[in-house]
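Every chain is named by a letter (A, B and C) in the order it is written, and numbering of its residues begins at 1.
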Amino acid sequence: MDNITQKLTQKSESTKKDSMGRAVSLAALALIVIVVVAIFAFVISRGMSTFFKDGVSVSDFLFGTNWNPSVINPHTKQPYIGALPMILGSFLVTFLAAIVATPFAIGTSLFMTEIAQKRGAKIMQPIIELLVGIPSVVYGFIGLTVVVPFIRSVFGGSGFGILSGTIVLFVMILPTITSMTVDTLKSVPRHYRESALAIGATRWQMIYKVVLRAATPGILTAIVFGMARAFGEALAVQMVIGNAALMPHNLISPSSTLTSVLTMGIGNTVMGSLQNNVLWTLAMILLLMSLVFNLIVRAIGRRGEMK
Amino acid sequence: MVNNIELKPVSEFIPENAPERFIYDMPSEKHEIALSTKNLQVYYGDNLALSEGDLSFERYKITSLIGASGSGKSTFLRSLNRMNDGVATVKGNIMYRGVDINTKAIDVYEMRRHIGMVFQRPNPFAKSIYNNITFALTQRGTTSKQELDEIVETSLKQAALWDEVKDELNKSALALSGGQAQRLVIARALALKPDILLLDEPSSALDPISSSQVEDTLLELKNKYTIIIVTHNMQQAARISDYTAFFHMGKVIEYDLTRKIFTRPKVALTNDYISGNFG
Amino acid sequence: MNAKTSDKIATGVIYAISSIVALILIAMLAFILVRGVPHLSWHFLTSPAKAFEAGGGIGIQLFNSFYLLVLAMAISFPIALGAAIYLNEYAHKGRFTTIVRTAIEILSSLPSVVVGLFGFLLFVVKFHFGFSILSGAVALTIFNLPLLTRSIETSLAQIPNLQREAGSALGLSRWETVIHVILPAAVPSIVTGVVLSAGRVFGEAAALIYTAGQSAPALNFGDWNPFNIASPLNPMRPAETLAVHIWKINSEGIMPDLSAVSAGASAVLIIVVLIFNFSARKIGAKLHKKLTSA
């Protein structure tokens, strides 16, 4: 009897392996969390030093329109560190790209889920997947060799600017928004559609009044995801925006975004200098904005659940 | 490992003031108890799903647990080898060979090698037939090819599957038919040489022919294993089991020899159930 | 306007929009391939780039891209696998799990340029790795981890619970069941996820420009000792990848055949990524078939 008690209470090989495996996999998970925390800690501590170490005022930074950190303003004895041009540039390209992309994404998704499921699956699905797969530098290259010359020949000027950036980003975020919208539309229960059609609605009435309405939170989420991608995209935008840290006067004058200034500048400044610190502050804004987009997505999700 | 066990007589497990509807008069000199439960209570969250389940299971016999869906019979069965761990809270004692296996000190993985389980839907691994059977053994250090070959052959024979698959042991088990797969799963459990085999509606997902094959297999196995089986099918219970426990609303209503349950039940509810008035 | 007319108009608009999207993709692919493929040659694919004159290739960049890809995958796969196993097999619903999932979600939505800058700050500057393959591989790992973790987790979740019960009933621990039963059954879909993420990693540039660097020093392909500076395997050398090269020469390149080189490099990049994307599901399906048949 003691024999069996011992056998049943002794830690078996399986238990030992399980404890070990559990610990190892938990460590892997913890590593990812540590990385996320480290990214925030490093970028924010760097980004804040502009305000704490270099004594730049937050409002000068956020609302100043003059960006030239290596030059000292003779009147204020402060360098020109107004980041508004880039902040504005980033928001402009993001919103414009989302505004252009949304109807295309919704139209394509409706085609795939409501109008022509078969052809949608056969033709549009691979097309959307291909678009997702194209690397951003290729979008940038096409923007540089097709879009920019095209804008130049139509509107004059250099061709670089917000408009070119918008067009490139539009194509980039189109597949993101489309594939997520397709998923939401597919999750609208079949009986919604059937009951609409049963009371004599046309297909478009069914789509417009029932399907799109039921899918609104999901579509909004898709758009916010697209905007997050547009806001954070660096190289493709940097290649076509013109990289002039000026307030965007119109859509076809050279401008810049947070990412484009970062890409250009980080390598050309000395670590710890004010010129370098302000760039980290831009990176911090990028980081916080991606957090904001995340919160928006969550808020939409919660409201969708409450309904 | 089955031999030379000191098993307690039934009388030790009989509570005072036992209700008559339970069979507690298994003559203890002749009948050994393989497993018994005492004051078993199962909670899902705060909901009490099962109580008053004091049962003793005789060795080398088949005991059926019958009752309508939601009567607690599967919950009871799954508690016996602690498959409910992490799903439900199980209170009370489960006595196996003198040891309460419902305590923290028990190594559940080791315990489940003594008390095996087969489920409703056949669940072979996505491995070859051979590896399905040897896998758990090799994990515990049985590596001799000869030994493994022998175990594969014996357990497949015990599960009455050997003749059908002996030439294609390296075929994927997922290619087997439902009935074959279920017998493979039984063979897989037998390969560990358990004392007790728990079966949760093992033939309810099978066609009648496969189902009767599984039944035949169980009757064969009775000589070497204690079998506890949950079944929806009263004919099945009547055909194969020695004892039957009738569950209703989370309680054991009656527990007796199968022929008594099906011919002279003591409780009206049992009679209603077996004559098909509900469930 | 009656309902029937608006139905027709709407359908027409939807058809038009979908056609435009299809056209955009076809036009882009055609542009890259028509411009780039004629420029492809064995010489172009194997010889080093030239900064000031025509006739340069992309040999070193191509090698760097694959080398970084392999390293990044080798580092990120085990971590993602472990994390996915914990999340899908061990984690209970609760505050800890919620926090972890949120963290992974945030990481996946971080702009890759921020990931690159973090890599620059920590590995290039603080740890003195310099612009190097190693720094680049770590940055790519961070970039790759959240999506790969999620994709492996989804693959594991697709394996029915029956299999886990089967393992438990045989006295196997969760871990043994996962490693020997669940994982093998999930391999086809995990492989699909890994190959898809490889395509993403291969095309990534923003995370690399300040970690793996923007220069491709000459390599001696006869020297495979990773400790020698000219060895292709040396993890401490700077390594411009194909994607970074395309960005670099378009931003500040001055060679006369710039547009031909860019088009050729873009064509190679797209072809490789497309091969990854197309083969991902094919390989997965094939493995699945192999696993379930005789």
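Here is the rule we use: contacts are C-beta pairs under 8 Å (C-beta built on N, C-alpha and C of every residue); 3 or more make two chains touch, one makes a residue touch a chain.
Computed from a predicted model, the values in this text were never measured in an experiment.
Colleague: Averaging each chain's C-alpha atoms to get its centre, pick out the one most distant from chain C.
Modeller: Relative to chain C, the chain with the farthest C-alpha centre is B.
Colleague: When the contacting C-beta pairs are counted for A-C and for A-B, which pair yields the higher total?
Modeller: A-C
Colleague: Measuring from CA centroids, which chain ends up nearest the centre of the complete protein set?
Modeller: Central chain: C.
Colleague: In angstrom, rounded to a whole number, how far apart do the mean CA points of chain B and chain C lie?
Modeller: Taking the mean C-alpha position of each chain, the two centres sit 50 Å apart.
Colleague: When the centre of a chain is set as the mean of its C-alpha atoms, what distance in Å lies between chain A and chain C?
Modeller: Roughly 18 Å, centre to centre.
Colleague: How far is the middle of chain A from the middle of chain B, if each middle is the mean of its Cα atoms, in Å?
Modeller: Each chain's C-alpha centroid was found; their separation is 55 Å.
Colleague: On chain A, where are the residues touching two or more other chains?
Modeller: In chain A, the residues touching two or more other chains are 12, 14-15, 18.
Colleague: Indicate the residues of chain C shared as contacts by at least two other chains.
Modeller: Those would be 171-173, 176.
Colleague: Mind pulling the chain B residues that touch 2 or more other chains?
Modeller: Residue numbers touching two or more other chains: 109-111, 139.
Colleague: Write out the stretch or stretches of chain A touching chain B in their complex.
Modeller: 1, 4-5, 7-15, 18
Colleague: So in the complex, the part of chain B that touches chain A is made up of which residues?
Modeller: 5-6, 96-99, 101, 105-107, 109-111, 114, 139-141
Colleague: For a test of understanding, state which residues of chain A touch chain C in their complex under the given definition.
Modeller: Spelled out, the residues of chain A in touch with chain C are 12, 14-15, 17-18, 20-22, 24-29, 31-33, 35-39, 42-43, 46, 103-104, 107-108, 110-112, 115, 123-124, 127-131, 133-138, 140-142, 144-146, 171, 174, 178, 201-205, 207-208, 225, 228, 231-235, 238-239, 259, 262-263, 266-267, 271, 280, 283, 286-287, 290-291, 293-294.
Colleague: Contact residues on chain C for chain A in the complex?
Modeller: 3-4, 6-7, 10-11, 13-18, 20-22, 24-25, 28-29, 31-32, 78-83, 85-87, 89-90, 99-100, 103-107, 109-115, 117-118, 120-122, 125, 142, 145-146, 149, 171-176, 178-179, 199-200, 202-206, 209-210, 214, 243-244, 246-247, 250-251, 259, 262-263, 266, 269-270, 273-274, 276-277
Colleague: Show me the residue ranges of chain B that touch chain C in the complex, using the header's touch definition.
Modeller: That would be residues 81, 83, 109-113, 116-119, 121, 123-127, 135-136, 139, 168, 171-172, 174-175, 185, 188-189, 192 of chain B.
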